[in-house]
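By written order: A, B, C, D, E and F. Residues from 1 in each chain.
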Amino acid sequence: MKKLEIIIESVELNNMRTIIEKIGVSGYTIVKDVAGMGKHGKSVSTSLVDVGEYHLLIIVDNENIINHVVENLKPLFKNYSGVMFLSDVVKIT
Amino acid sequence: MKKLEIIIESVELNNMRTIIEKIGVSGYTIVKDVAGMGKHGKSVSTSLVDVGEYHLLIIVDNENIINHVVENLKPLFKNYSGVMFLSDVVKIT
Amino acid sequence: MKKLEIIIESVELNNMRTIIEKIGVSGYTIVKDVAGMGKHGKSVSTSLVDVGEYHLLIIVDNENIINHVVENLKPLFKNYSGVMFLSDVVKIT
Amino acid sequence: MNELLLNGFSNLNNPAILFFVLGFIASIIRSDIKIPESIVKILSIYLMISIGYKGGFEISHSGMSDDLLKSFFISLVISVTTTTIVFITIYHLLKKDFLNAGAIAAHYGSVSVVTFITAVSFLDKIGVEYNSYIVGMLAIMESPAILIALLLVKFFNKSNSNTEVTNIKEIFKEALFNGSIVLLFGSLLIGFVTGSKGYNLISPFFVTPFQGVLTLFLLEMGMIAGKRIEEFKKVGLKLGIVAVFFPIINGIIGVLLASFIGLNLGTTTLFGVLAASSSYIAAPAAVRLALPQANPIYYITMSLAITFPFNIILGIPLYYSLSSMLQ
Amino acid sequence: MNELLLNGFSNLNNPAILFFVLGFIASIIRSDIKIPESIVKILSIYLMISIGYKGGFEISHSGMSDDLLKSFFISLVISVTTTTIVFITIYHLLKKDFLNAGAIAAHYGSVSVVTFITAVSFLDKIGVEYNSYIVGMLAIMESPAILIALLLVKFFNKSNSNTEVTNIKEIFKEALFNGSIVLLFGSLLIGFVTGSKGYNLISPFFVTPFQGVLTLFLLEMGMIAGKRIEEFKKVGLKLGIVAVFFPIINGIIGVLLASFIGLNLGTTTLFGVLAASSSYIAAPAAVRLALPQANPIYYITMSLAITFPFNIILGIPLYYSLSSMLQ
Amino acid sequence: MNELLLNGFSNLNNPAILFFVLGFIASIIRSDIKIPESIVKILSIYLMISIGYKGGFEISHSGMSDDLLKSFFISLVISVTTTTIVFITIYHLLKKDFLNAGAIAAHYGSVSVVTFITAVSFLDKIGVEYNSYIVGMLAIMESPAILIALLLVKFFNKSNSNTEVTNIKEIFKEALFNGSIVLLFGSLLIGFVTGSKGYNLISPFFVTPFQGVLTLFLLEMGMIAGKRIEEFKKVGLKLGIVAVFFPIINGIIGVLLASFIGLNLGTTTLFGVLAASSSYIAAPAAVRLALPQANPIYYITMSLAITFPFNIILGIPLYYSLSSMLQ
């Protein structure tokens, strides 16, 4: 099994959920409101403005599905800020 | 070393802490209030009702201990919602 | 690529950010306000007192940089509470 | 009957109720008014302190009523009766599913603090008096139903699952030292001992803005209910319908018992409300822990998305009208 | 002119404005006053309910004004005009960058609830009356500019990127059922129907402490603005300057149009403020979603760190002075 | 003596103190009243703005007192004296452990805003006047002790650890631009310049409900203290005992110095309270950063779980009685 971890702009969350649910992942977990630094500089999350807020999305699934997810999400990262990391896991339950 | 990541219903957190502390893990970390989707559908966490809220529990320890933890926690997932993922890590400090 | 996960006392966060930014990591993510247990016992975070609060810092970068980061951060863990875990990942975007 | 309609209308003229409806609608049309969780929690704490403190202060003025013991007794009778009725109904409705029967019974036998508070504000608005010690009954009635329901399940249960046994101690502890019980009783006591001097100090914060805080809270309750009502399909028509009948039947039982022992109009109404209301804070957590095989969608949706709105909008004026007919 | 200075000074004598300045300074010197996000959100909800509810209540007393239809019309004219002006200006300034032009235009064509509320409190302080229905205009003017700006971009856009198309439906839905619109209109309606009885119930919470809540909110707004002003360099001098000229020009347009159709002093001032103010909640989220290639640092910094402080401190007394000259 | 008891009793009759006790008990019996962290933070900000603003407003009425310079001087003397006394005591008690001595001294030499505010509300309740500028002293006394304690440690330290040196700059910056200092002084200044007009605008929010907000805050403080007291064992009896003696001794020093220069009853009491109180916000963070080898369980438990409750319940009436004996 593979674990895909995605850091994503909060404005894009709904969009991304729709995409991965359509693909049919068996599940995902969202860690809300993370901060950080990347190519676009430091994230500046301001209490009133949603733009600049990030979430961490964790998807564990078989390699096939995860590859599918990666292909479908890649285009988003052209316009939006964020990163994706892939690693190996064993799903127990 | 192994890293065990557990998504767990918040009502079960105390119970689970008791179990893993009794086993004697060297440590664990809790990421509070995560959201997600799984076999039981989307998590609906409502501000007043604790049921439907999830936490992410991270335990890093040697394989022996982690196996022990997995065996002891498995029964819980029959009745409660949640998942466990296992992966390899190196513990530095 | 390597993923370094660090659990760190919140009072030390600024200090640590300065160090890793000086090293020149390509990015990092902070999951705020995690709780846990370790060598120093259970974390007791109290709403008014910052001491006892922890953050989770995730850094993904090439092995060279990560090794550099590890060497520079190690001394901190002599005085402060916290742990570091290292694992393998593939960075996609 | 005419008066009943009038009361209902008067309730709909209440900003708090209308903001509840607004929240419900906002949630249905997926409008994103997000009241942060921490705010909902502190509002709920505020309301409990406020109602407890005011109750205690009023008792310190009016003195302990003779009805206190009778009321205490009635509280327990209501808990036992309503829990049992709901258990039996669901048991038959869901074909001997004693687990879900117990889970749901725990909710309906217990009480809802916010329903109670809304009823109090309803009575205040129309100027009807009630005995101040009733706040104590609210605190007392939170836990027994949960324990009774678990005992009923235990009685029907042959398989003896492990989880249940391990957690029962924690459940009991929770039932006694639950945050809301400690807060209600604590505030009651403090209100009782600090008298007018204390009251004057903190009433600008804990009493004067009370109605507005309740209004804001009900806005969020409306949104919660609206979000949950989407799961109505998973609950099914049968359970959906009994979620309206339970409060009516239980409310009538409460009103009858209270007026039988001769309580005044306001107090009788409030006993009706306590009997009719169903828990959505204490009971869900306890039940999820003790009866993990029961379906949370059933009990949460019924209690929060159907019974709560019903009580707030129609139930309270109904129990009031009934009570006034029996006076 | 003398009077203008006086008004400006009177505004600087307002605790709310001074706490804004305090927040700004605290942020610049990196002092760590952290107002939690959940608090900022609930304060913002509070202010919207309060302003909506009070507006509705006052309409129920004063009755619908004849000016209502004219005002509604003016609102749309202002939205179209200001959005277009800003679009064209930025389009030329940034060398045919229609994406950023659209993004920034969406912000300046839309409105800022807090700027409006601060203006209302300014008028209240100096005792100037305004038509209560203006709160409705505030709600109405939030979305059109965003839609107009997106249409303008679509018109200039040849490449037709994918993202834009997929999200346009969501944008429209948002524009209509946006939380703040539902909250403002909902509160307006509830204030209208519940009358004095309702008002007396909830005004100790939603009306009496209003000014203080606004003050606390502006402390945080000052800190947000101070944090964002650090990105001024990335925005550049050109955009920095127009971020001051846009509110002045748009404000003048608003004042002229409103006084042209004969609205009273207070209402004219508020139309100036609405025209001059720029959105920093609804617009950024919509624009980030619909125009991801536009640079968020531009529109957020301009709107939040330059135009907002300008309006709060100098703009409001300016539009007021202008309005009183035209009466 | 009789009067002392009376004062103590009057303090126990204060809802704020009783809610503190309730929180403490709730925490001990592990009842789960959870006041969210964001609420605690905003309540703390509210209290600082409120006390600062009111102080500034009152100064604008009563004018600057002649005692101001003397008081400023006394503040520094108290800071130096109490920090040194605590340092020396712990140094000997813990067998030359200069790190923990410095850490603990930083806490006791600094001040607790909430203890001060509780004392102010105590004086208000019994109708005793004090000089308004004392709020400024509260702000001034927050940092010096932290710096003095670090210097003392530096003096005793031979090994010259790295961490200490790198962070010292940040510590100094913090000491000057700390959020609470900026907030207190800022509010003081705004209260001073905006006068009665400003006061009337925001007092319904920042002044009228003040006592109730303090009460809610102390409920949480009680829970925090109750949670921390569980670590008493790790602190040990010796440190536990001095955590009661330090406030008494420091309080007496404060009262003596203040009455020596002829300050009035209320102001003398408050100087006693400032001297007696120990920091649990600014000091812990600074000390953890600058002296990582010191044990946080020592200084947090002593300051928060022992000295704070002692001061709140017994200390304040004690310093008051002492001050009135010396008048």
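In this section, contacts are C-beta pairs under 8 Å (C-beta built on N, C-alpha and C of every residue); 3 or more make two chains touch, one makes a residue touch a chain.
Values in this document were obtained by computation on a predicted structure and should not be read as measured data.
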Q: Note down the smallest number of touching-chain steps it takes to go from chain B to chain E.
A: 2
Q) So which chains count as neighbours of both chain B and chain F? A) C, D
Q) Using CA atom averages as chain centres, what separation in Å is found between chain A and chain E? A) 33
Q. Using the average of all C-alpha atoms in each chain as its centre, how far is it in Å between chain C and chain E?
A. 41
Q | Separation of mean Cα positions, chain C and chain A [Å, integer] | A | 21
(Q) Give me the residue numbers in chain A that touch at least two other chains, ranges are fine. (A) 31, 87-88
Q: Hunt down the residues of chain F that sit against at least two other chains at once, touch-wise.
A: 35-39, 41, 208-209
Q. Which pairs of chains touch each other?
A. A-B, A-C, A-E, B-C, B-D, C-F, D-E, D-F, E-F
Q | chain D contact footprint on chain B (complex, rising order) | A | 9, 11-12, 14-15, 44, 46-52, 75-76, 79-80
Q) For chain E, which residues are in contact with chain D within the complex? A) 36-39, 41-42, 45-46, 49, 53, 173, 177-183, 186-187, 190, 193-195, 197-198, 201-206, 208-209
Q: Would you tell me which residues of chain B are touching chain A in their complex?
A: 5, 7, 31, 33-39, 54, 56, 70, 74, 77, 82-88
Q.
Looking at the complex, which residues from chain C come into contact with chain A?
A. 1, 3, 17, 21, 25-32, 60, 87-93
Q) Along chain F, where are the residues that touch chain C in the complex? A) 35-37, 40-41, 44, 161-163, 166-167, 170, 220-221, 224, 227-228, 231, 280-281, 284-285, 288-289, 292-293, 296, 300, 304
